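Below: one structure in structure tokens.
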Amino acid sequence: MLIGKVIGTVIATRKDEALVGAKLLITQPLDMKGNEVDSPLIAVDTVGAGVGETVIYVSGSVAPFAVRKHEVPVDAAIVGIVDRIDLQL
Amino acid sequence: MLIGKVIGTVIATRKDEALVGAKLLITQPLDMKGNEVDSPLIAVDTVGAGVGETVIYVSGSVAPFAVRKHEVPVDAAIVGIVDRIDLQL
Amino acid sequence: MLIGKVIGTVIATRKDEALVGAKLLITQPLDMKGNEVDSPLIAVDTVGAGVGETVIYVSGSVAPFAVRKHEVPVDAAIVGIVDRIDLQL
Amino acid sequence: MLIGKVIGTVIATRKDEALVGAKLLITQPLDMKGNEVDSPLIAVDTVGAGVGETVIYVSGSVAPFAVRKHEVPVDAAIVGIVDRIDLQL
Amino acid sequence: MLIGKVIGTVIATRKDEALVGAKLLITQPLDMKGNEVDSPLIAVDTVGAGVGETVIYVSGSVAPFAVRKHEVPVDAAIVGIVDRIDLQL
């Protein structure tokens, strides 16, 4: 899993019917110190994340598990909202 | 999921029989501001996307879910057409 | 899916038994204009591709779908032979 | 699989219910000589790894297998603690 | 699939129980001309590969297929030993 910051939303009226009602959040990947890394992606949210929050997200074919529906074509999902990161370097 | 712009089509007469009838669109990945990033890929379309449209696509083994057929060898699928992106940076 | 050019073959006598009889082709990834990008990979072929042909290939865990056998350890498969690419930039 | 060093923990109170009780460790990827490579990621731990230990981790959709629960949205898991690496270059 | 050279072994006493008895080999990715590319990874071996041999390996969630056990958390597996590479550039 990686962490990211929710920076926006994307609206798509015409879409796969399994995505109807899905909340699609634009997520900026962060390193563990909070610096932006890589490009933003779209992740489906099921934990109630909002813009500005730091989240944990998964990528790949485990993302549908977060949606609790089978065979949903999503490849990224927000699975937690970060309270605290403890780095012991 | 990522966004991209449909920039063309690819024609393949000899192909895996599960792909017969599939609409294969060449998709240029974009960042959330609409700039081109990375190289184009081929995505199967099931939402009626056309050349010039900005789309949401999935990558990897969730792509067959968009096709609603089991065991189709596709690793990218267009799952939505972007109406609007709201960035709150 | 990406496109590539078949540039060779690989022979392995000792191999996973699910791969016995599989045709393993070395494939050089191309961009949509035909330029070489990235490093060659080995893809299993099930559509009768030959050296010098431009092909469509899939990567990842959907590759076994092309082989029509369950649980075959292949992570790339040629699924079509390109007739024509239409770019409308 | 890759190796990494556990460098911290992440706390998330609001999260996917399948992750309740999961131990989420921040893992810094290492090369085989122990140098840091790439950015840290979050991996679920099921083998009792602790901060400072060098571990083996898997990425992608096989990570849930380590958790022994079906359909858990995790994409990285620590599957072993490294005792020794023998390089014969 | 990619090719690599086996350059060592990794020993982990504490590990996922599905990995008990698994032979974990450190594999240096090679290009098709035998030059080293990218960083070494750990692949499970089921074809009897040894240090110094050039092998074919798979990555991702098809790797468990090589182990012939379900739900084993491995993301790379050696599936063949290379006898010959024929490049026709």
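By written order: A, B, C, D and E. Residues from 1 in each chain.
Here is the rule we use: a contact is a pair of C-beta atoms (placed from the backbone, for glycine too) under 8 Å apart; a residue touches a chain by one contact, two chains touch by 3 or more.
These numbers come from a predicted model, not from an experiment.
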item	value
Lowest number of touching-chain links that must be crossed from chain B to chain D	2
Those chains which touch chain E and also touch chain C	none
Same or different contact residues where chain E meets its copy chain D, judged by the half mark	different
Rigid-body rotation angle, chain C and chain B, from Cα fit (steps of 5°)	70
For chain A paired with chain E, centre-to-centre distance based on mean C-alpha positions, whole Å	32
Chain A and chain D: spacing of chain centres that average the CA atoms, whole Å	20
Overlap residues in chain C, where contacts from two or more other chains coincide	60-61, 63
Chain-level touch network, classified as line, ring, star, complete or other	ring
Neighbour-by-neighbour ring order, given that chain C leads and chain E comes next	C, E, D, A, B
Chain A-touching residues of chain D, taken from the complex the two chains share	7-16, 18-19, 24, 26, 39-43, 51-52, 60-61, 63-64, 71-76
For the chain D and chain E complex, residues of the former touching the latter	1-3, 31-32, 37, 46-48, 56, 58-63, 65-66, 77, 79-89
